[in-house]
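Shared between the two complexes below is chain A, which pairs with chain B and chain C, respectively.
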Partner chain A sequence: MHWLSCRKTITLCIVFRVLFALGLDFYLSPPTSYAYYADNGDKVVEFINTGPGLLSASSPLTLYANLKESLWLYQRGMDPYGSGIGQVGVSPLYLAFSFFPTIAESGPLKTQLLSKLFGIFLWTAPDAFSAWFLVRIWKARASSRTSTNSSSSSITFVLPLIYLLSPYVILSSLARSTSVWENAILLGAIAWACESESEFKTKPKLNNSNSKSKSKSLLFLALRVHLSLDALILLPPLILILLGSPESRLAEPGPFALYVAKRRSVKKQPEEKLPNEPAENHLRSTILRAALNVLFEFMVYWTALALISTLIVGHWRWMSTTWGTSLSLPSMTPNPGLWWYFFTEMFDHFRPFFLVVFNVHLLMYVAPICIKFQHDPLYALFILVGILATFKSYPTLSDHGLFIAFWGIFPEVYPYLRHPFPTTLVLIHSALLQPLFAHLWLSHGTGNANFYYASTLVGACAGGMAIVDAVWAGLRIALERHGKRELKFVEGEEREIVTQQ
Partner chain B sequence: MDGQGLRLQAFLRRFFRPAGDPNLARINRRRTMFSFIARRMTVLKLALFIAGYVWIFSVPSSQLDRGVYFDENALQPGQVNAYWNWKEVHDADHFLGELEILRDSNATSEQRSQFIMNEFLRIGLPASTQNYEFTGLSKGLNGTNVYAILRSPRVSGAEATIISASWISRVNEGDGTLNLRGVATVLALSRFVKQYSLWARDIIFIIGDGYMEGMQAWLSSYHGVTQSNLRAQPLELTSGVVWTALNIDYPGHSLSHLGIFHEGLNGRLPNQDLLNSFQYISRRTGVPVVLYDHKDELDLGWLPDNIRNHPEIKTYAAQARNLWRHVRYQASGRGSGVHGLFHQYRIDAFTIFAVPAAGPHGFHSLGRIIESTLRTTNNLLERLHASFFFYLLTSFDRFVKIGNYLPSVILISVAMMFGGLQVWVDAAWMERRLDKHEEGSTGMVWVRRRRPVLEAVSIVLGTHILGAACFFFLSHKWYQSLPFTSPLLWVAAYILPLAVPRFFPQNITDNIAPLSLVLKAFNLCLSSTVISIISVLNFSLAACLAVALGIPLSVASSSSNGAMGMVRYTMYIVLGFGWLLLDETRKQMIWDWDILGVWLLPFLCVVYYPLSLQAALVCII
Partner chain C sequence: MLRTSLFLISLLLSSVFCLENINEEFEEHLSIKSLRDGRVTSSFSFTTLLRDAIPRDPRTLAFDDDISQHYTLFPLSLGQILRQYAITELHLTLNAGKWNYDTWGYPDEPDVGVGAELRAWMAGDSISSIDERWQGVRNALAGLFCASLGSLDEQRTTSPRLSFPPEGALPDWGLPHELRHASHASEHVCTENLTPFLKLLPCKSLSGLATLLNPHRIFDADWHGIGLHVLWRPEGVEVRLNVQLVSDPLRISAQGKQDWSFHSLFDRKVEKACPVASSTRVSVELPNSGVYRVYPEPQEIKDGKAYYNLKNNNEAWNIGTMWPTDFEYRICHAALSPPDPALVPFSVTRNLLGPTQDRGELSIVLTNNQQDTLQLLYLETMPWIVQFYLHTIRVHSDNVPRDDLVSNISYVLPVPHARPATFESVLTLPGRSTLTFSMDVAKAFLRYTEHPPDAQRGWDLPPAIFTPLNQSLNEPMSLGSRVYTPSLLVDLATPDFSMPYNVIIFTCSVMAFIFGSVFNVLTRKFIVVRLDPPRNQSASRAEKRLENTDSDTSNELNTSKSGVH
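Coming up: the complex of A and B.
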């Protein structure tokens, strides 16, 4: 019943999105105008990239124009990664789809409307997948919960809404940024990781889970990392999910091995007590071995994808223009991230040092967050997604959209958030200021780069506030549930726990 | 270190690092701080409001502004000997005579554009005409523009400057007075500049038909912008990127002062250096400059003499008059004339308005000033970028910097934000009397309650959707053609929201906060956000919003008395949607949106009306 309503919601949202995109297309190039015959949805992309999504809707890595250029060059037998063409390239895997534009422009889809619909479909379908994966993640997380309260059923239908109708996601999709595909692939990897079963965990009560989930998950993460390298920092929490479980255990923190041991004892010999010292050591090494296995499998997929890419292109140089870009920031096109302005201002001889600093800054969070939230790896992954959206080298609006949608999966932390309302307000300010200041700078000519950068700083503040609050609330649950603090009602005084607002 | 220093150090250490658990101390310190602020929140809000309003009303005073100055060294204004002389004045008189004959013979716009084009061609400039026609709401609005291009004799012509005049003058915002002398000046100028080879960029001469619409059509075609309700002929001649434009408006017989009109569409302003150069050149040439057409002093006869003649008061009154005019132009989004259309294409432009008078100046002075200004802009090596884009002119040679006027509105917006946050926190708590059997039974306790966030968000979204629907009706064809549409729409906008309380029945329970409180919190925070963001884009609009919404939204509260609630509801709806019943204003706004794309109408419908509607709903929920 609920499953059905979730599907209905997704279908309705997708129908709305397609109609919206089509309506916008007709509005921008009415069928009577010359432009209608000339373009295939490019007017909409241009409108978004120069209008509401100026600078923010797509980064150089995910820009539709770059994708089209690479495909065009590849179709004509030229090397898309050759010197002088551009420092930022798309993944060679996209080149395998070089027959798509041909389909769209001739052949069976000669009709303008069909061709337009095909283009819209290509960039709306991934969002449908994303929403579906989000619901599956939620179901995997909630499946083991003892009491399913009334709010959990409504979440299956709210989750698709907050992803599919989020302006962040809609703008990226209309701008045909490849990041919508990247999001779908990442969510797929997470969903399958949540549904997978391992020797350490009980089988989730889901119809569609099977033993291949683990491999699918790793393959999808390898694909996501292949498309854009930043997702590599999500590998550790994903491995933890694969070995452990996605269910909500924020309230009962403890070492990862303990949970695995508990589950194992439940699974194998229910009467066995918790493991003693040598058994624990044994367990540790088992876990380590399993983790190495998973890591090895991931590396195999990743290498395979890299080999396929090399076969497609014919040389290895694609690596520096695709993976290298997120590390070395060759294009300083303004984007909602924090890197470009900093590196524009800097003297060139400091560049290598600060590139290392910025990259290490991203890596720095992985270990502490995975250790602190080892009892709930999905939550660790959620926080790392937020960190990526805020601090990575080429973020776009869709990264923020993903982070915002992820919040829907963790309703248990809402009561412990300290400042959700101010965070939302800061986010709204930044969402309104970004297009405005980008226009003051680039189209009115009255502002300058500092305006836009200031607005993205406001956005980074919102991201930072959200991350800090997520960490706070995630840790606070345990404190509250364990009753370590006496909740005293003192006359006329706030409860200590509620330092919020 | 001496004893005093040590004691200070010890004190500081005690203050920042007190004995005991540092975390506990930190929490205590934070709580003390928050409760200190929270207890004084009402006073703080009031102080912010008062500071904001006082600041807004002291912007015209001479304490906050300063003299203008040049920032772009390349301009070199007034450094040339002007060549314009009596021969050119004679040309202008000749063209004027021809134009007057055309006027008297009731020539159609086709005929007069043919005449002007022929004159351009006779001078030796490539010239052409452009027909345009508006469809949709303003069906039948059509005309013909004429333009000519002087190819730059010195460089490749990648850049251009525009000299324009519209057929109808801006007197009384385009009431139909003809701008014959302005057109004659442009024709004489085109003949004049042809003789010299010093131009570093192309000069485009345009005579726009009508008041604003002709130039809108021409500029849209030039920049390749398609407007769905405009059918304009493509231009036969084109040139490069336009950097600056001068629009000449000379409706009278002679002139005594030259006026500056500079506000553009949707609150845009040109670079201040352009205005500075013009007023500097004009005064050096001997023609006094004024802002707008304010050449007469404001009549303050109703004030006692000793106050009226106080220099500070006189300055304040004069500057307040200028600013009030500015606010009206900028907040309406319509701009103050034809030059306003240029700003959207990143062209710095303003109108030189010859204030009608019996004398003493005429074509001679005007021509010299325009020539000198043209040669100043000719010196530019890059787009004007150095001086200010965010400023308020209090007089032609004084202005208020952004740092001196922006805080006024931001203070009010912060006060509203604080108010919203306070209501949001208040909604989460309620005081309850302790039951008798509980220990310490004397007092009251604070307990938390749930806040109905989802309901409030859906009301907020609903009001904005209703506003969007109103906008859809207002900008539709039927609206003009059917009778009584405005009162009907008004009544609909008044009655439809009354159904909202039925959808959200009030459940008086202890553990759920009243919906009106949460709605008010959202309303205040949203309004604050809108005001502070608009303040960068269009300060006048933001100031108007701050004055119109600041206090009223903050005092909205639900009333137990039904009739009282309805009175308040009505007042908020009138505040938010009253403009619909003003016939002239409404028609003007619809025309502006339809032809020029001025954002005021959609803004009022989709943002402003919903904000006051939310406050209205707070009163009846």
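Coming up: the complex of A and C.
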């Protein structure tokens, strides 16, 4: 029943989104004034990229115009990557879809509506998938919960709403930023990881395609990493999910191995403490071996995709234009992130040093967060998604949209948030100021770069506040639950209770 | 004493030998033409031919011993540069102003693009050696001409495929020849470039036609440019130095007459011919109609041109043309009389449209003045700061969309911060039609160190070049005269130049703040501390207090900071 309601919600939202996009298109280019050049919704893209989504809706890596340009060049036998170094290019995998524009290209008037619909569908469908994957992630997380609470049904209803009606996501979709595809692929990878069953998972699943979903998950993550390299930092938590489970264990922290061991023993001895030394060592090596297996499988997919890309374009230089771009920041096009103005204003001789610092800074969060949240890897992944949205080199609004939507999966931490209200206000503040200041700077000419920079800085503060609060609440929840349980045992006794660290 | 006299005699003999050496030939020529709008264009050309010389084979660059360079008329400083970098063909022009093709017609020297333009044909077996020599010749010429040719670096260098065929011949060494082309629209030509230019002439500006090159008048002209062309023909290496200018006698004249003479145009006369010049000629193009007088009496009139040989006479030359009536602006009579026949087969305007600093539209309007269909080779060498979106190319012919009129597109992608884009294509103009070509462009955001000191002024974009293609059935494709569009100015978004420290500090602060907060929380140990002994179980929880005040008070448990406890 819940499933049905979730599907209905998604369908309704998608219908609304398609109608909205069509309406906007008709409003911007009424059918009577159809030019010879079928714009295929380019008017809408232009409206978003020069209007509300100016600078923020798409980065050079995800810009629709860059995608179309690459496809155009590729179709005419020209190399869209040129000499490689310093170029900004889309992944060669997109070039495999070079037949899309030819489908969408329309001459006579009667097919224009169809081609418009096709274009809209192409950039709305990934959002529908994303919402559906979000619900599946939530279900996988909630399925193990002993107390099937009533909020479960409302969450499946609310999650698609958060994602599909988020202005961030809608803007990216209308701007035809490829980031909506990237989000869908990432969420697919996470959803299948949550649904997969490893050798350490004992819970029987409804479907028997568990190893298949593990492979699907790794394949999708490899695909996502291919489209933009930043998703690589989501690989460790995803492996943890594949080995462990997406269950909500925030309240019961413990070492990953212990947790896996508990799952293995299938509740034979619920009060069992740490296994003895050799068994523990054996368990650790088993986990390590399994992790290496998963990593190997991922590398196989990744290499295969790299080979396919090379076959498509015929050389290796695409790597520096797609992956190298997010590392070396050749384009200083403003975006909601922190990098562009910093490196615009950076002194030339410090540029390589700070490029390394900024890249390492992103990597630096991975290990501590995965270690701290090893009992709940999905939560670690959620925090890393937030860190990516705030700190990656070419973020767009859809990255923030993904982070916001992810909050819906973790309702258990809400009571422990310290400052949700100020965070929301700062976020709204930044979201409203960004297009305004971008306009004042670039179109109106009455502002300057500092205006937009200030609004992105506020946006980064909002992202940072949300991340810090998420980390805090995720750890704080353990104290509450754990504390309560411990208190029962030690009632009356005066002592200090230290939670697991 | 004997030894000295022998030495003197030998010196004398050798100098006589040198003078009789006919391996070098120097010719000077000036052609003057009255233009439709009353202006006068003068085109000087000084040609030195080094007979039987061939350019240096780049494979001999590895050996230091080149042939000895003894020139009498050929400029040595230039010859050294040409041999050191093994240049086969070289063209350098420094121009200021916009050549108005519609009223002035084609110029005598086709390279009239605004600013500095340098192109060279070089043979070489490897690209790197060619690029090194290209850099060397750039810097050497920058030193020779006191011009900022060093700024014609990789960010401006292109190798167009078709637009610049070699003017001379290319020696057949079994090596491929490569073209390097660079232009810098904001470079200005001035006296400091003319002085070294005159030094390359055998008579400097002391005698001959070069006497007329008065900097005060040249750089006062409405359009002026100097050029250096080196090319190889089977008979030898030719160096052509030319100066072109468009002066406005109406501006100088008090009566509004278009009369001109050497004296009025250059404030000088030719007192004596250059003794080493084999010929010193002046040609004056005679007006098509009207009453006028050319003085002194021409020695020869041929094809509507009056010719003078300045070698013949020893008196001072002051050639000129006089009209009895004031100049009449024909544009006033456009409605009454039929329009003048077009001087050029097509006219072009190029614009960069769009109000914002992040995107724009490149628009080109071409008008075919002829009945026949015209094919044009269109070349854009665009710096990477303006990025083309080729998928948005729209072509209209008389407001009818005609995508088929653009063909043979070749495109070299730009590399941000490194290399410009090269876009070449063929446009077909149907007879008596107007073709509109437009394309969306994205404007780049630059690092603050990449902006010029006057960043708000904008960037000069190099001119586009249109070359008519004369295609006939039995002949290979040949190119007509190049047409340069004026340069464009692009307005790029600027960062705040006073802010580097502030931005670095702000961004680093936010990152450090978030990083610190996250790691502070991650390293926390959450513990429950009960301070008072409980009186009973129910009261025990109520009595717990917060030890640290920084935590929230929503629940009774105490959350305290860090594992320092």
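Just a few scattered comments:
As a working rule, the second predicted complex is superposed on the first by the 453 of 501 C-alpha atoms of A that agree within 3 Å, B and C clash if a C-alpha of one lies under 4 Å from a C-alpha of the other, contacts with A are read in each partner's own complex, and residues count from 1 in each chain.
In the analysis below, contacts are C-beta pairs under 8 Å (C-beta built on N, C-alpha and C of every residue); 3 or more make two chains touch, one makes a residue touch a chain.
Quantities reported herein were computed from a predicted structural model and do not represent experimental measurements.
Look at A:L19: by the touch rule set out above, it reaches neither chain B nor chain C. For chain A, the partner with contacts to more residues, out of chain B and chain C, is C. In the superposed model, A:V300 makes contact with neither chain B nor chain C.
Of the two partner chains placed by superposition, chain B and chain C are both touched by A:S443. When both complexes are overlaid on chain A, the residue A:H429 reaches chain B alone and has no touch with chain C.
Shared-chain residue A:M78: touches chain C; no touch with chain B.
Shared-chain residue A:V356: touches no atom of chain B or chain C. Shared-chain residue A:L292: touches no atom of chain B or chain C. When the two complexes are laid over each other on chain A, chain A has residues 443, 445, 491-492, 494-496, 498-499, 501 in contact with both chain B and chain C.
Residues 30, 33, 35, 421-422, 425, 428-429, 432-433, 436-437, 440, 443-447, 489, 491-496, 498-499, 501 of chain A are the ones that touch chain B when the two sit in their complex. Of all residues in chain B, those touching chain A in their complex are 27, 30-31, 226, 228, 268-269, 343, 346, 383, 385, 389-390, 417, 421, 424-425, 428, 440, 443-446, 448, 525, 529, 532-533, 536-537. Chain contact summary for the complex, chain A toward chain C: residues 36-37, 50, 54-55, 65, 68-69, 71-73, 76, 78-83, 85-88, 330-334, 338, 340-348, 361, 364-365, 368-369, 372, 390-391, 418, 441-443, 445, 448-450, 453, 457, 460-461, 463-464, 467-468, 471-472, 475-476, 478-480, 483, 486-487, 491-492, 494-499, 501.
Across the interface of their complex, chain A is touched by residues 355-359, 389-392, 394, 401, 409, 411-419, 440, 442, 444-449, 493-496, 499-500, 503-504, 506-507, 510-511, 513-515, 517-519, 521-522, 524-530, 533-534, 537, 540-541, 552, 555, 557, 559, 563 of chain C.
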